[in-house]
Amino acid sequence: MTDNGSHSAAELLAVMSSRSLEDGQTVFAGVGIPLLAATLAQRIHAPGLTILFEGGVLGPFIVPGELPPSTNEQRCTRQANMVLSNTDVLLLLQRGYVDIGFMGGAQIDRYGNLNSSYIGDAENPKIRLPGTGGGNDIASLTRMIVSMIHEKRRFVEAVDFVTSTGYWHGGTSRSDSGLTTGGPYRVITDLAVLGFDEETRRMKVEALHDGVEPDQVQDATGFELMFDDEIGRTEPPTADELAVLREMDPDRVYIA
Amino acid sequence: MTKPYADLRRETETRDRSLREKVMSLEEAAALVDDGDHVALGGCTLSRTPMAMIWALIRARKKDLVVSRSITSTEGDLLYGSGASRHVMTSWFSQGIVWGVSRVMRHYTETGRAIFEEWSHMAMGVRYRAGAMGVPFIPVRSMLGSDLTGRIDGPKEMACPFTGDRLLLVPALNPDVALIHVQRCDAYGNAQMDGLPFMDADIAMAANRVILTTERIVSNSQIRRAPDRTRIPFITVDAVVEAPYGCAPHECYGVYEPFLPNLDAYAALIGRDAEAGVKEYLERYVYQPRDWVAYLDLLGMDNVIDAARRGRSVYND
Amino acid sequence: MTDNGSHSAAELLAVMSSRSLEDGQTVFAGVGIPLLAATLAQRIHAPGLTILFEGGVLGPFIVPGELPPSTNEQRCTRQANMVLSNTDVLLLLQRGYVDIGFMGGAQIDRYGNLNSSYIGDAENPKIRLPGTGGGNDIASLTRMIVSMIHEKRRFVEAVDFVTSTGYWHGGTSRSDSGLTTGGPYRVITDLAVLGFDEETRRMKVEALHDGVEPDQVQDATGFELMFDDEIGRTEPPTADELAVLREMDPDRVYIA
Amino acid sequence: MTKPYADLRRETETRDRSLREKVMSLEEAAALVDDGDHVALGGCTLSRTPMAMIWALIRARKKDLVVSRSITSTEGDLLYGSGASRHVMTSWFSQGIVWGVSRVMRHYTETGRAIFEEWSHMAMGVRYRAGAMGVPFIPVRSMLGSDLTGRIDGPKEMACPFTGDRLLLVPALNPDVALIHVQRCDAYGNAQMDGLPFMDADIAMAANRVILTTERIVSNSQIRRAPDRTRIPFITVDAVVEAPYGCAPHECYGVYEPFLPNLDAYAALIGRDAEAGVKEYLERYVYQPRDWVAYLDLLGMDNVIDAARRGRSVYND
């Protein structure tokens, strides 16, 4: 992993993801970077943020040093406001109570379609991946933030399999398919913060991290990126942000 | 895949749904499952997995089970490796985030020897819920546009007759058998679960037979003192088996957390050779032990004590 | 009300209804005669009978002298095995867990259609009745036992409004409408026990109560009844049965 | 009748769903309800009726509300009699079995001055559930063949694309406002109900605003000690009002049973003259009292004590 100075790539992803969250939002988060990002946001600038776990947890309070190993185990329910069935927590997405869902994936394409099912041909795959889980539901029903390491083998011309629909074939094709709400909101990598063009729905670079040049991002991407006329620069992680992350994950299970 | 309503009704009608004692052994309960049955598992990933009953089915050499679950962990590996199932329907299949993708799932599916039928997590839940409600489908606004719908049997797109919206109709799941592990139930099968409910209540209502395993069997009068805590009613239940630590090495909310040393050792074993590893694990932990307590003995007293201490800690606040 | 000797008409209905229940069945019962009938059956011949209340109660144990005033109040939950939402308890009918539902109504016709909505024209009714409640769901989704006082104004040629569909227009019309399961099973009155012809689905007399003659039943009915070739006679309520009823309802709220 | 999905999503998105204190008075909460709103009521018949909030809406002279509920009792009379609503959507409308058909409901509907839109009880529940799930409809196998479907706005028959079965699609209900009374909740609106759940959880999830009245407000940390008892999450709630005996003269499970002398007196009053009777009752019990406690004082200390003694008796076993 890239290490921009005094922090790891994982820490950079967590910090940049957390800054994409706003106070008062309700956020669907998995364990790892998403949960760290959401917890960091609660501590720094979004005290009224509500976290949801796919295992059926609404409004947990994460205890530093006791990060849950998955979102479906009892450790997730610590001091939660409510536990409910997986079905019902996922239906909150469909009903519209969720503002942001965090996602990952093995591959992403220019329209934000994600693959977490098959590497190679689905009929005869090179690798059978673990599958969608609630990922497809998040991608279908709310705005998603994708958090990924920026590599050419991950940012591909065409995903081998559309597990989670982004802007599909671009333009209005997503809403034409029946997915009339949500869609990819941001892609946050260790190189840049990316968004999607309003019209074509192609991925575009919004801001570069400290010390990263545009070519470096394009070189790490398997398709042609759009660049804003004036490309922003993200502020590097602050000491406060890094301190919170390291307090949350003292054993560096996720932030190494 | 959707069971005709006449069949669903007839099967339910002929079940003995009366208030009667249903306590039996794991082995007796295993006899209620037929080769080829669709078996739905309660819990999710490492939580409230009905491991003791799965263990009993593998020991009873069941074959060709179609297994469905919210999210599938190591129990899916054991079902593939033992040959009890070659078809798992679920939304995510891997030991767990910290151990990465399942080598066993990869081995069996990539060689075409087993099927992992992938539905979105919400769609799985809505399918069980439709089954529980006695309707042939429920519409969802998920999975549209994705490649998932092309590789599964069943969903149909439709224009909503009220709004014109494009919807995906997901067909009801009415499993032949549901295996569900609970913290406590009575001898009739009234179950009260604590903590994360997962999809268990819908699965129990949807299934045509329900086998409950339970940490302990309590009196019916205890159940009746708090009827608003009952989540699965006795009318849906066909067997009650007391199986302490019945999810081990997985967790049971408020009773024990996962047995991590066993799960780490398992991951290492299948990491070396998926097929040989899972078969070795099956031999040692499933086929050889004399009974469920002998299996717990293999997991070790220190692990039982440690998992239980961590488990009940949710009530220390 | 007719009083056949030493018992009231209500007691007769409760006893005859209870005898139509079999051990092991699951029964949807309202307060009043249905609940008395189900409780009586549990005490006399069907200890494994399960009672459901529309308010959301599964397997209550009724305490003598403490009959609940409706099926939606806390008194119904006394020592119940489970309480659940109204929606979920009614969905048990649709899922197929219920064997028998008890019904009443202001009017019934020859096909067992029931009216509990309007007397007169629905557009401009003489009487607006309280409505279906779960009655339509019971009639649509399971076998029903109707328990009514036998009067010409109740047993009518055509109900003013089909609140709860019986055999609809007779023959196969019920299942043609989409109601492929259940249907009227028995009508129990203070004069007779009636059923429905297998083919035409017309109401027919199966057995007469003690001291009742066929003409008396036909005279109390606003349409032509069918009579079995050999009409049975019901056994009068036994002392045991009446004793249980009077123990359950010592204030004679429902059995007067 | 089915709200377009885009509207439903936009309305929900613009709500402040954050963890924040929402405690206010009955009068302040009444200001969250607009004339013409669809207001769904929690509870059923005489149970957990959100009477204090209905009382506050009538005092605030609300008009043209469309009111929906599982089963409607005397609160429906008061809504008709006060003019707050001329349209009640429910499955059964009467004071209660022991008092017979409602004279007030009869008077207003038979003279064409009010509408009682009648759906089957299950269909009402499934409509709220569809609303809670964010789908435009759910199929049911009920109401087919009956005359009910001809007098209501919405359901559509359809042949099941999976099985060919004839089904009735009932449209989702997404009320503008839900009024729900609970035994306890915290200042953020996390509600834990005991006893009969009725349709309240679905109604809260389906509605666009939720006003909770509660017997008492407890700390958030008390809620968080038993998160598996929370039935309504704070993200759905817009107002929390502490209203002791907030269902009186109806009941609140485990806290008080119905205030029977008041209900008998009401039945006698409307039995003499429906319209004059309900207006007299409204004047005396709704408009005149200074506040909710003054209303309870009219019900009488002896009745409060008696109803509470009977109410908590469910926990004496």
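We just call them A, B, C and D in the order they show up, numbering each chain from 1.
The rule we apply is simple: a residue touches a chain if its C-beta (ideal position, glycine included) is under 8 Å from a C-beta of that chain, and two chains touch if they have at least 3 such contacts.
Everything numeric here is computed off the predicted structure, so don't read it as measured data.
Chemist: Using mean Cα positions as chain centres, tell me which chain lies farthest from subunit A.
Modeler: In terms of C-alpha centroids, the chain at the greatest distance from subunit A is C.
Chemist: Write down the chain pair with more C-beta contact pairs when A-B is set against A-D.
Modeler: When A-D is set beside A-B, the one with more contacts is A-B.
Chemist: In whole angstrom, how far does the Cα centroid of subunit B sit from the Cα centroid of subunit D?
Modeler: 37
Chemist: Let me have the rounded angstrom distance from the C-alpha centre of subunit A over to the C-alpha centre of subunit B, please.
Modeler: 29
Chemist: So what's the Cα centroid distance for subunit A and subunit C, whole Å?
Modeler: 58
Chemist: Counting in whole Å, what is the centre-to-centre distance of subunit A and subunit D, each centre being its mean C-alpha position?
Modeler: Here the centre of subunit D sits 40 Å away from the centre of subunit A.
Chemist: Among the residues of subunit D, which ones contact at least 2 other chains?
Modeler: Residue numbers touching two or more other chains: 5, 126, 133-135, 140-141, 165, 167, 195-197, 228, 317.
Chemist: What parts of subunit C, by residue number, touch at least two of the other chains?
Modeler: Only 57, 77, 79, 83-84, 91, 94, 180-181 qualify.
Chemist: Is the way these chains touch best called a line, a ring, a star, complete, or other?
Modeler: Topology of touching chains reads as other, fitting no named class.
Chemist: Judged by the touch rule stated earlier, which pairs of chains are there in contact?
Modeler: According to the stated criterion, the contacting chain pairs are A-B, A-D, B-C, B-D, C-D.
Chemist: Residues of subunit B touching subunit A in their complex?
Modeler: 44-47, 70-71, 90-94, 96-98, 101-102, 105-106, 109-110, 112, 116, 118-123, 125-126, 128-129, 140-148, 151, 157, 165-168, 195-202, 251, 253-254, 257-258, 311, 314, 317
Chemist: Touching residues of subunit D toward subunit A in the complex: what are they?
Modeler: 5-6, 8-9, 12-13, 16-20, 132-135, 188, 190, 205, 220-221, 223-224, 227-228, 230, 233-236
Chemist: Inside the complex, what are the residues of subunit A that reach subunit B?
Modeler: For subunit A paired with subunit B, touching residues are 30-32, 54-57, 69-70, 72-79, 83-87, 90-91, 93-94, 117, 122, 124-137, 140-141, 161-165, 168, 173-174, 177-181, 253.
Chemist: Which stretch or stretches of subunit D touch subunit B in the complex?
Modeler: For this pair, the touching residues of subunit D are 2, 4-5, 126, 133-141, 154, 156, 158, 160-163, 165, 167, 169, 171, 194-197, 225, 228, 317.
Chemist: Under the definition above, what is the set of subunit C residues touching subunit B in their complex?
Modeler: Against subunit B, subunit C makes touches at 23-26, 48-50, 57-59, 61, 77, 79-84, 91-92, 94-97, 99, 180-181.
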